Every structure is written in C-alpha cells, then in structure tokens.
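Chain nomenclature is as follows: A, B and C, assigned in order of appearance, with residue numbering initiated at 1 for each chain independently.
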Amino acid sequence: MVQNAHKIEVRHLSKSFGDTKILDDVSFDVYENEFLVILGPGQCGKTVLLNIMAGMDTADEGTVEFQDQDSNMGFVFQKYALYNWKTVEKNVELPLKFRGVGKKERGRVAKKYIDLVGLNGFAHSYPAQLSGGMKQRVGIARAYAMGHSMILMDEPFGALDAQTRYQMEDELLRMRNTEKATIVFVTNNIEEAIYLGDRILLFSDKPSKVVQEYIPGLERPRNNAADDFMSYRTMITGQMDLAL
Amino acid sequence: MYQEKERPLWQNVLLSCSGILVFLAIWQCVVSFGIVSTDKLVAPYTLCMTFIDKLNNVVPDGNTILVHIATSLKLVLAGFALSCVIGVPLGVCMGFFKTFKALFSPIFEIVKPIPPLAWIPIVIVVFGIGMKSELFIIFVAAFVPCVINSYTGIQSTDPALLNVAKTAGASRWQMFFKVGVPSALPMVFVGIKVSFGSAWATLVAAEMIASSVGLGYMIQQGRQASRPDIVLLGMLVIGIIGGVLTGLLGLLETKVIPWERH
Amino acid sequence: MGETLEMTGGKMSRKYRYSILSVISVICVFGLWWAASVWNTNLAGPIDTAGRFIRLVENPIMGVPLWMHVWASVRRILVSFVLACIVGVSLGVAFGIFPTFKRIMWPVFSLIRPIPPLAWIPIVVLWVGIVGDTSKDIIIFIGIVMAIVINTQAGIRQTDELLLKAGKLLGANKWQLLIDITLPSSIPAIFAGMKTGLSTGWMSLVAAEMIAAKEGIGFLINQSMKNSSDTALDFIGIILVALCSAAFTLLLNAIERKVCLWSKMRTK
C-alpha cells in the first residue's frame, strides 16, 4: 500500500473526565485517501477521540494537526442525527446552508451526493419514512457535503441489523471508490474492521492507547469466509483479548 | 446547550431573589410616587396591613379572611377529591377496556369542550343557590383533566410489558392492576395537578358569580366597594394557596411514584 | 391497545358492537336530558331548547341578533389568542435559551401564574372598566399566555442534545442553531401549549362575559340565570360554546398537521 502524505497528525493525546483517564498518550497518523479503522472494545474512548479530532471536544494534552488547515470534515453519527422536520435533500444541504452557500449550488451538491449514496428518488422524503440503512445513507451524503475529502464515522452501522450492515459496508466501499475521501472509521466489530480497513489501529480499553497496527493486505473485494480473512480475524481477536 | 453555567449557591440564590425584589420595589415606587393612583393600585406593604386588618374585620363582605379561606378550601378539596375518585378510575377503565370506552367516550367528548361555568344557570335550577351547585361545577371542572390524562396514561402502557404478563398467565384484570395502572401513574398525576388548578380557578369564578362567601366572593365585593386593596389581597392569597397546594401534590407524587425521575 | 386484551371473537362484529354502543350512549344522553326535564319542570328539555333557539333568532334579546353575540365571543378569543401566542412564545423561548434570564424572572412568573385568570376580573375591571372588549381580552390573554409560556419553555429545554451537537459540527452558529434546529424541534410542544391555552381561554371568556359584559355567549348564559325559567337559553349557550370551541380546535389541528407533516409520517 502506498504511503500517501500525512493528512492528520495526532500526537500524545490525553483526556480525562473527572478522575477517569479515557485517552492515554495516543499518537497516530492518518494518510490521505486511506480507509483507517479505529478498532476497540465498547466504551473505551473511541468516540471521545473522534470528537476531539472533529473539534467537538478538547484534549487535556496533546495536539491534532491537519495538513490542510482549511479543510472541512464530515461526520457520521451512530444515531443518524438527522432532522426529522427536514427532507432528505434539506438535511444533506444543511452544512452548506450554514456556511452560506447559495441555493442553486447547494442543490447541485446535495443532488450529487444523494445520487452517490443511492437515494435518488428519495430527495423529498422525510427521515421518518426511511429505514435505518437509508437514514445512514443520508448521514453519509451529508458528511460528504460537509467535508468532501475527509470523513469521520462513529460506529455508523452499529444500530443496523446484520443484513443491512453487510449491505452498507459494501455500499460504503463503493461510494469511497467513486468519490475518493480519507475515512476514519470507528468500530468495535472485528469483522467489519478487517472487511473495510486499509489500515486498522487496535485500541485498548480505557485508559486507551494504540496497542497494535494492522495492515490487512487482503485483496478487495474481501471475503469474510475466506481462510486468510479468518486467520486475520483470529489473530486480532486474540490480541484484543489481551488488550482488555 | 441551554443548560445553566455552574455557579456557586449564593449567586444562584441572589439571582432568584433579585427578580422578585426588583418587582416589589418597582411596585412600591409606582404607588408611593403617585404614578398610579391609589384607587387603582395598592402598595405591597399596604397589602400586609390590609391582611392583618382583615383577620378580624368583616367589612366590606361580611366575613373575616380566615372564614373566606376556610370556605374556599373546603369546597375545592371536596370537589377535587370527588373528581379524582370518579375521574381517574373512569379514565383508566376507558383507556383499557374498549367496552368502557365505547360506552362513555361520546358523553365525555360532548362534555369536554364546555366551560364548567356555563353550567351554572342549569345547576342552580336543579340544586339551588349554594354549596351543592358550586360543588357540582368544581367537580365538572376538575373531572375532565383527570379522565383525559388517566386515559392517555394507560393508553401508553408498553405493549411488551402487557405481553409479558399475559404469557405469565395473568388475567385481564390482573394485567390492568399490576401493569396498566402503575405504568399510567405518572400521567395520572399530571392530570391530577392540572385538575386541581382547574378546580381552584373554577371555584374562584363560581364564588364570584353565585356565592356569598369565599375568596372569589371577597374580591368581587372588594371591587363593588372600590377597595383595590381587598381585591389585590384576595388575588395574592388565591395565588399563594393555589401554588402551595399544587406543590403539595408534587410532593405526594414523589412519594407515590418514587421510581420516576422528578 | 385494548385489542390485545379483548378475547371475544370476530373482528367485524367487535367493531359493530362498539359503534352501536356509542350510538346507544349518545341516545341515552339525550334521553337522560329529556327525562331530567320531565322530572324537574324548571329544566328545559331538548325539544324546548330547540324551540327557544328559533324564538331567539326571531326575537333577539334587547334587539341584538344571535350571530352578533357569537361574533363578539369569537372576536375576543381570536384577538387574545394571537396576542398570547406572540407574547407567550417569545417569553417561552427567552426562558428556554437564556437560563440566567429564567433564573431571575421565573420566581416573578411563578407568583403570578397560580392566580386564576378569572381572579383578575375585579382588578382589571377596576383598571379599564367594563365597557368594551379590553377587559375581556386581558382576562382571556392571561389564561392563554401562561400555558403557552410553560409549554414553549419546556419544548425548548428538551431539544435533543445530539441534534444540537450535530448542528454545531455542521457549522451552525448560535443563531442558526436556534432558528434551524431548536425552534422547529419545539413546534409540537408549542402547539400543545396553544391547545391547552385555548381551552383555558374559552373558560375565561365565558366567565368574563358572564360577569362583565353586555354581549357575547357568556352574556347570554348570564341572562338565562337572571330569568330562572329560561334554562333553554343556557343550553343554547352551552351548545354554541361547545361548537365554537370545537371549531377552533379542529382549525388548530389542521394547521398543526400542515406545519408538522413530518411528525405524522410513518416508515415505509
């Protein structure tokens, strides 16, 4: 895998809430256009890490530096965070509206990403009319509209049933191939991590730190029933048990 | 995001008091400096004097303030208690058993939008002027919110909980008492609090229209006698009693429903 | 919900049974009314009331036609309601988004709130007199505005934190958060406040008109009290109020559906 330029540099990040230390001296790089997976057990602080990277929270120590100071970041939430009173189109447009982008341009960009995520025809539907998978597609379209070259995802498929989850994983890869972007993807699901990631960072339980880095060199499209996939999975599972 | 920022206790107390104190100060000044004439508004400290005076003085309405308060309280509590005792079970049954609903719902829907006071002339014809009529009107006023909220409360019982009971072999009545009623209690209490407010408001109005004793009558007489101090005093007492009793209901709620966040 | 519990058979016959019960109970209400009027000869029955209605239209009380009374009441409610919405929502929003403001002003509000609108009648009449709409409008206004402030304030306070957080992330400034996120998500609560306020408003209207007015539905009801064998007039007044109040509620519901069509939708 080609090492691209650093996109984000995370250095010595630490964070505590009261007496509990959540993040402990976390350092890693994010490279341009890679699909980076942050894997760790539940409640270990992965969401906090992502929030700090997105600017929604501040670290006690350490820095997050962006190669591209002005770039915007998209964010996908596990619970969708869609606005029920707005149509799909208006939801996707919203970050642009806040930024002051004109109506015509907003509409164009929104349409582009609604088509990308496979929801054309649903632009005027309301979130209440959509299934979980469709809602998250809206979330992804909105994230693309927000920060088209960098997207952070916080366990985006955690609330979906297994079938939809597999489908969305494939869809995400397809979207990423059509519209290149750097993706930082948080999950606690090992299979999902191996299926999606160009690179996987395994985190320990809190106080969380990077325990191991994996680069599954498996060919795409990956097959989660294949032997090499399974052995990779066994290896990571073992490491994860140790880390807990 | 709209949460208050952290402040030491003394600051919070200060802020809470400041609004009231400024309000009272402005009120006092407006009267003392003659901005509003004393036949329209009366200063706070004058009200205190009026209160003390009215503890013994029967002018201009024929009773001391304590008698008025006692009469009003007796009536409102009686009407309120009656409406709870009848309204809550009715609402809860209407919500749970379709037969009940089919039987009582039309009557209820017809009665619901009618302001209780509109019944006064008819009620007087049937019961005559006096306590019974007032009691009936208060009952009607308090009854409606009790039923509505009890009905809503039991309607929102989690079907999953009912199914658990059913598979455990519970009969319909058991499901009603053990699952439906407890889960409806929060809404029932909302209804009871609204119902009390309604009862109290209606009482005051009923006393103004068709009574010769009670706080409502007192303030109406105050107006007739051009005594704004009596009127304002009455309003304040009505407000304070209403607030205190509603607060007590809230306290009762925390005892009866300890499992809810209050 | 009762369907999970009813164990009688036949869905069609069940529905039939319930509708028939409802119809029977409405008939019973009329029956009871008629029976009561026979038992107490001072009380007008349904037929007497209908007759009184016709006579009222032909021979208006003091020359004022019936529709003018209805219009007087409706006009007062309308004016007060609109005013109460404007003031109530503004105040409720202020209480909701400025917690410090709430802390200072809430005690004053809590002191005034428990005073029933009707208890204000004597002092308001002392201040602005009986003549004209102003005194009635103020009383109705007080009743409606309380409910709206409380509900609006509650609606704002319970805005979903996740939605606000997402909004901030999407790049919204404080003003945009308020207009695009907080207010729309509070609309159901605001409508609930409006409906509660409206029902309090009707009660205040009838009472205020009974005590201190020369026209209006409440005035008619008061008239029926003066002439104690005119209970039919009271019934007419009651029916008119019920109809008007129901009309307003239906209108409000229709507006709410239009504004909030998103909240009535279901998953495909």
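By definition in this document, a contact is a pair of C-beta atoms (placed from the backbone, for glycine too) under 8 Å apart; a residue touches a chain by one contact, two chains touch by 3 or more.
None of these values were measured; they are calculated from a predicted model.
*Asks:* Most remote chain relative to chain A, going by C-alpha centroids?
*Replies:* Farthest chain from chain A, going by C-alpha centroids: B.
*Asks:* Name the two chains that are joined by the greatest number of C-beta pairs in contact.
*Replies:* Greatest number of C-beta pairs in contact occurs for B-C.
*Asks:* Approximately how many whole Å separate the CA-defined centres of chain A and chain B?
*Replies:* Averaging C-alpha atoms per chain gives centres 53 Å apart.
*Asks:* Could you put a whole-Å number on the gap between the CA centroids of chain A and chain C?
*Replies:* Chain centres of chain A and chain C, defined by C-alpha means, are spaced 49 Å apart.
*Asks:* If you average the CA atoms of chain B and of chain C, how many Å lie between those two points?
*Replies:* Whole-Å distance between the two chain centres: 17.
*Asks:* Which residues does chain C have that touch at least 2 chains other than itself?
*Replies:* Answer for chain C, listing residues that touch two or more other chains: 165.
*Asks:* Two-or-more-chain contact residues of chain A, please, as numbers and ranges.
*Replies:* As it turns out, chain A has no residue touching two or more other chains.
*Asks:* Could you list, by residue number, the parts of chain B that touch chain C in their complex?
*Replies:* So the residues of chain B in touch with chain C come to 1-5, 12, 15-20, 23, 39-40, 95-99, 101-107, 110, 113-122, 124-126, 141, 155, 157, 159, 162-163, 166, 172, 175, 197, 200-202, 204-205, 208-210, 216, 219-220, 222-223, 226, 228, 231-232, 234-236, 238-240, 242-243, 246.
*Asks:* Which bits of chain A are touching chain C when the two form their complex?
*Replies:* Going by the criterion above, the answer is residues 54-56, 72, 75, 77, 79, 81, 83-86, 94-95, 97-99, 126-131, 142, 146.
*Asks:* What residues of chain C sit close enough to touch chain B in their complex?
*Replies:* Per the touch definition, chain C meets chain B at residues 1-7, 14, 17-19, 21-22, 25-26, 29, 36, 40, 42-43, 96-97, 99-100, 103-108, 110-123, 125-127, 156-157, 159, 161, 164-165, 177, 182, 199, 202-203, 205-207, 210-211, 218, 221-222, 224-225, 228, 230-231, 233-235, 237-238, 241-242, 245-246, 249.
*Asks:* Which residues, counting only chain C, touch chain A once they are in their complex?
*Replies:* Interface residues on the chain C side: 162-163, 165-173, 176, 180-181, 184-185, 187, 260-263, 265-268.
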